[in-house]
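What follows is a set of structures to go through.
Here subunit A shows up in two complexes: once beside subunit B, once beside subunit C.
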Partner chain A sequence: MSGQPGAPPGSLPGPPQGSPHSGPSATVGPRTTQLRLLPRGPKPAWSVVASFVLLGLVALAAIFGSVVFADATKQSILDSLLPPFTAGHLLGTDELGRDVFALLVAGTASAVVGPLVIALGSMTIGIVLGTLAGYHRGWLDMIISRFSDVLLALPVMLLAIVVAGIFDAGYWMTVALLVLLFSPSDIRIVRAGVLEQAPRPYVEAAQMLSLSRWRIMFVHVVPNVWPLIVTNVLLNTSFALVTLSSLSFLGLGVAPGTADWGRQIADGRGLMADNPAALIAPAVLIVLVSMAINVVGDWFGERLERKGIR
Partner chain B sequence: MSGVRGLVVEKLAVTGPAGAIVHPVDVVVPPGRTLAVIGESGSGKTMTARALTGLLPSGVTATGRFSVDGDALELPADPSAWRRVRGRRIVLLMQDPFTSLSPVHRCGDQIALTIRARIAFERGADRAAAVRRDRTVRGAVQAEVLQRLAEVNLPAEVARAYPSALSGGMRQRVAIAAALAARPRVLIADEPTTALDASNQGEVLDLLLSLQRAYDMSLILVSHDLGLVSGRADEVLVMRHGEVVERGRADHVLVRPQHEYTRKLLEANPSINDVMGSTAASTGQVGPTGQAGATAEFAAAGAVPLASTDDSFGPESLLFAEGIAKRYGTTQALAGVDVDVRAGEVVAVVGESGSGKSTLARCLAGLDAPDAGSVRLGGETLPPRRRGRTPDQMQIVFQDPYSTLNPVFTVEQTLREALRVAGRPAEDLTELLEMVDLGPEFAGRRPSQLSGGQRQRVAIARALAPRPRVLICDESVSALDVSVQAQILELIVRLRDELQLAVLFITHDLGVVARVAGRVLVLRRGEAVERGTTADVLTRPQHPYTQLLVAAARDDSIARQNHDPAGSLP
Partner chain C sequence: MLTTTPTPARQASRALARMIAVRVVGVVFILLVISLLTFGLMYLAPGDLVKNLLGNRPTSPEAVAAIREQYRLDDPFFVQYFTWLGNALQGDFGTSVRMQQPVTTVIGARVGLTVALCLLSFLIAAIVAIPLGIASAARAGSTIDRVSSSVTLIGLSAPTFALALLLLYLFAFFLPIFPIYGGGSGPLDTLYHLVLPAIILAAGLGAILMRMTRAAMIRELGSDAVSFARARGIAERDVRWIALRAAAIPIVTGAGLVLTFLVGGTIIVETIFALPGLGSLLQDSVLFKDIPVVQALTLVVAAVIAVIAIVVDLSYLALDPRVRTREFAR
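After this line comes the complex of A and B, so read on.
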């Protein structure tokens, strides 16, 4: 039945003729759908730039802080309660004579690393369970969704206080607990994203090629949910920063005497009259850093969304 | 220019962030006349329409001036100036009746809203709300809603219905009723029937035109469909890359096009009449003798081309499916349909949306498990539920070129993966790209850097990578512009011959059927109502439903057919 086909086989080596307006004159005017003419080059606002600068400084402090200010926690009663802007003590000292600025810098690591680990750890759980639930649906979805519902129903702070208080858990134990407690929102968000992607033709085309489920889920689908993932990781980081600091403010998770922002606030409560910086500086820093993470997270999410998936 | 009736547009230009979108254009549409603006996507036709209603996306500006019955507006105009014009003198009818109506309001209320706005405007009030509180008009408004519905041939019950309860054609009628309730002088219809089924398109458009004449309005009809426009528009404006390439009286431009681009568009436009002419001979498998040859060939092959008989079936066919049934909830999507496709043959499955044709494709491909029936491939019965278990035998090409490729993968990654699955070496990539007429420079690109036609080519290449024996095309060209459509159809026909593929081609477009298919299966509400050779079904349809479909398709291209013989080919 081969007959004489109209188009001689393989005799069309010409240029690709996919689009009628892919010619040289197509440089003028829009090429894609006409209504997609929204802002092209994202120009970061000043708030985004400021947030990046702040987070850069925080990162530096987290890495080198404890080296540069190795003796930040050294007490010297003679120098206690110096007000801010005293020579040699920019933000003054607390009642144990520790330099507030040095404490802040040295405490950065414990303030920032924990939340990062919490956000990344819970997102790992979220990606695995959320993708499984969203892609497979059915009973697996049922189990995973109910599991995350139960976790979501638990009050994070209360449970952390109880566990950390009763079992006298250390910093990393608390972090591990928070990884678990932070995971339900990640599971839900990833599941929703995967649910939206799964019925798309490119996924069905991958199924038609009989690729393995794991490959379809984690190589094809998950990268398309990436904007959601990045945004939520950063959002959770700032939330975890506040949660962890609150716990150490209550004296949980962090051993007394260690450099930690939450701890500093707790210690600084009584020093308002003598050295307000001991209380205000760490508090303002927590607020600023968590805000900066949020701003950067939003910016990232928007950019990724604009770049990739449409 | 005051005193001139109708719409007069002078030096209308549209500029976007990347430069000019529409170059200055002058247009005059007298009352009662219809101007068709024709072009492919990206030609600027929609932008021209939107510029006249001030509904341009942000970052896009229009300059120039236009007047309606002598009342002029200088562009760019401020919002208050627009409020005087938009929705009162000029009304825009949108393409998609599924989204242009509010899903949470009853149809009658949506029409009433326009009526009240008009009454408020006539009274000089600024807001329709003032009229809503006025009890004296309430009865009049309700009466007019029913009158408007009757005008578009809809029953009074529709006033109380929500849009979700109506079909696409009915929704577009409601949208027309709401648009006309404003009693505009100028109506701009942006692809008003593109989202509708083939049999509905002509009907809705004719309704629109009869109302336009009754109300003596100027109509601008934006469309990519030459068949639909011919015989309906008075004047035609052909646009490309934001410039007018040809304009003039419709019976001149569409019959004796002067510009090469218009000629190309006319040729690329798939028409049901192709089956009569040389196109079918060159692209179908009917051979050089045309229709008669086709019939003879099928008869010789044991495929008796009689409609409504099962004689054309053979279990010896490469793909043979029997009694495929599928039910979704309470809807019987498919009620026992038989299909067979031989190697080197294209069989088209035709039907409107909801006829079950896509369900059939999915059941055959194994993406959905049929409730009953069996699928045999090369004599072997396939298991019903086999999502991703038979890679190399059967592949599918989907409709939407924008979601068919993974957006984060490059072309190379997509195709390499498909090759790896089939155990083919990665070097075959170039061969694969060549097969679908794409150069090696496309390997590194991502879908967002490709046009719709290019994406569909990649999708076809991906489907062919495992060297399947059966290719299922589920509306694979319906989202593409006509000239791209023609190229893809040509490609599919060529690959059918080169690779001896069995192709099942799902479509709602009889013009496309005439171009590619040797045999046709007509589906309606999940049942096969007619089958036979393309020539037979399209020239002598037996079933009343097929006759309706063919008549609708024929109407759209009738004008061309009448003038065709000497006209379009100088």
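After this line comes the complex of A and C, so read on.
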């Protein structure tokens, strides 16, 4: 693991795990413990730092937003359509007199929690089925692969609009639907990673020790596909944010009157002349958050690649 | 080797036919599963089946009987399914609940605009993104590379609807260069109405294409073949052509993949710009629960995507002699 060309020479106070062997394939199962949450490397670019700051603020808003602005969805017709920078209303109000900034903060949870659940949930399915398909092969692989082929034959957006629309799905139903629709690509990715790991000597060694199939798959093989998994969860989070907010923009998945970014943008469409902030603020925010997740995802992927654990 | 069995050309065409046949069988299987699910939509949808299919029509016993007859509702499920599928294959998807017209007529009236929108955005994306990807790969790390990769980041991450509304505000409301909504009248006016929506779609498409082109070109420019070509003193322009030829497969694959993005994108963009195309038709039909139209559109999209996937696969044969030999040697 040492001697990576890109690793800075000064930042090595000794190998973290002190394992003397060279290369991951020399012993049974290089474990997850070799993987730090934030691997060392050169200083991140300003865009990465900015993305982390933004995502930190978003996380705070998602946790405390609905508590701080508990009455964000309260309507007061007397205060409707105030322009930005009015006293007490930083971004003005919409046509129902709701404060745009308060709505934005209160809607963070709805915009962010769903996508996280979608990315993690679909990856859980992806890890279980992808590993089974890639390691077990045979009929199981055949069934799992055909399942993902069928779902991948149609665009996620189309399926989501049709199913969520016809069945009047609520927020969590829509999230569950997207977990299912996101899983085929995760299954494929994990399967490909496992297929690549399966013939390696450490797997053979584990088989020789007659470890159980489940233990080999999920304790020894999966940790070696981990970088692939982490990067994909991040990329999927951004994709899920886009999909879920597009659905709520179209009026699917989120009830009218709820604080939600997609909903807010839909409501702000008619206010271009009166209070453009009601449209621009949530639209810009959603673009920035999605970009930030992608930046962090790319940075993560590059670092893991540089560490040589692929 | 020396036996005088079929000529190489004949052998090749037979191998080609076999390859196409295998792909087509796979695709037909997937389409059958999708059609079964699509048909099931009718049953799974909340509410009474006959009422859903009647929509706003009066529920007179004759109308109910007509519906029961048309969908063979008194027969077993699979008889109904095969009747429906048989009709669908002949282009009869039933009657739109919302518009009281044959589904085929409704779709036919709107397909042109969506095809024009998709082609226009695809053209814009390809013309901008592929040369940009090549230039970025040739000068990786330079200013042009860094600027274009930041721009593609926006295109990749920004949701189409947010981007559409921001650009709509900027270029139709704040600076009134483009029309705010509608499909226009007459071919030129329609084209003018399609420019802004097409640019918005092209942003997402182009970002994906540009990334794929850049990655493929960087890989090919680092290959032994390119080093050898340079060593022989071939001009850098020609070297780039050699690399581009080798990078063509991933680029074409990318171009095929972006189609799925285009489907979601047109639904959003047509809804926002009130364009009378298939995307807005789907959105309206879903909200109205006009199930025959939704079924037809889902199947058509699945079929189009499947056909394009096969075309992409076949294009590998034309693009890369290595694939050709491998496929035909089997």
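We take it that the second predicted complex is superposed on the first by the 265 of 310 C-alpha atoms of A that agree within 3 Å, B and C clash if a C-alpha of one lies under 4 Å from a C-alpha of the other, contacts with A are read in each partner's own complex, and residues count from 1 in each chain.
By definition in this document, contacts are C-beta pairs under 8 Å (C-beta built on N, C-alpha and C of every residue); 3 or more make two chains touch, one makes a residue touch a chain.
Everything quoted here is computed from the prediction, not taken from an experiment.
Of the two partner chains, subunit C is the only one touched by A:286; subunit B is not.
Of the two partner chains, subunit B is the only one touched by A:202; subunit C is not. Contacts of A:224 after superposition on the shared chain: subunit B is touched, whereas subunit C is not.
In the superposition on chain A, contact of A:245 is made with subunit C only, not with subunit B. With both structures placed on the common chain, the touch criterion links A:192 to neither subunit B nor subunit C.
Subunit A has no residue lying at the interface with subunit B in one structure and with subunit C in the other. Those residues of subunit A lying in contact with subunit B across their complex are 1-7, 9-10, 12-22, 25-26, 28-35, 37-40, 200-202, 204-211, 220, 223-224, 226, 308-310.
Taken together, the subunit C residues at the contact with subunit A in this complex read 30-31, 33-34, 41, 44-46, 153-154, 156-163, 165-166, 169, 173, 260-261, 263-264, 267-268, 271-272, 282-283, 286-287, 289, 291, 294, 298, 301-302, 305-306. Chain contact summary for the complex, subunit A toward subunit C: residues 149-150, 153-158, 161-162, 165-168, 238, 241-243, 245-246, 249-252, 262, 265, 268-269, 272-273, 276, 279-280, 282-284, 286-287, 290-291, 293-295. The residues of subunit B lying in touch with subunit A in their complex are 16-21, 40-44, 46-47, 57-60, 240-242, 281-283, 285, 287-288, 301, 342-345, 365, 367, 387-391, 394-396, 398-400, 402-409, 417-418, 421, 434, 437-439, 442, 448, 450-454, 457, 459, 462-463, 465-466, 481, 483-484, 487, 490, 493-494, 497-498, 500.
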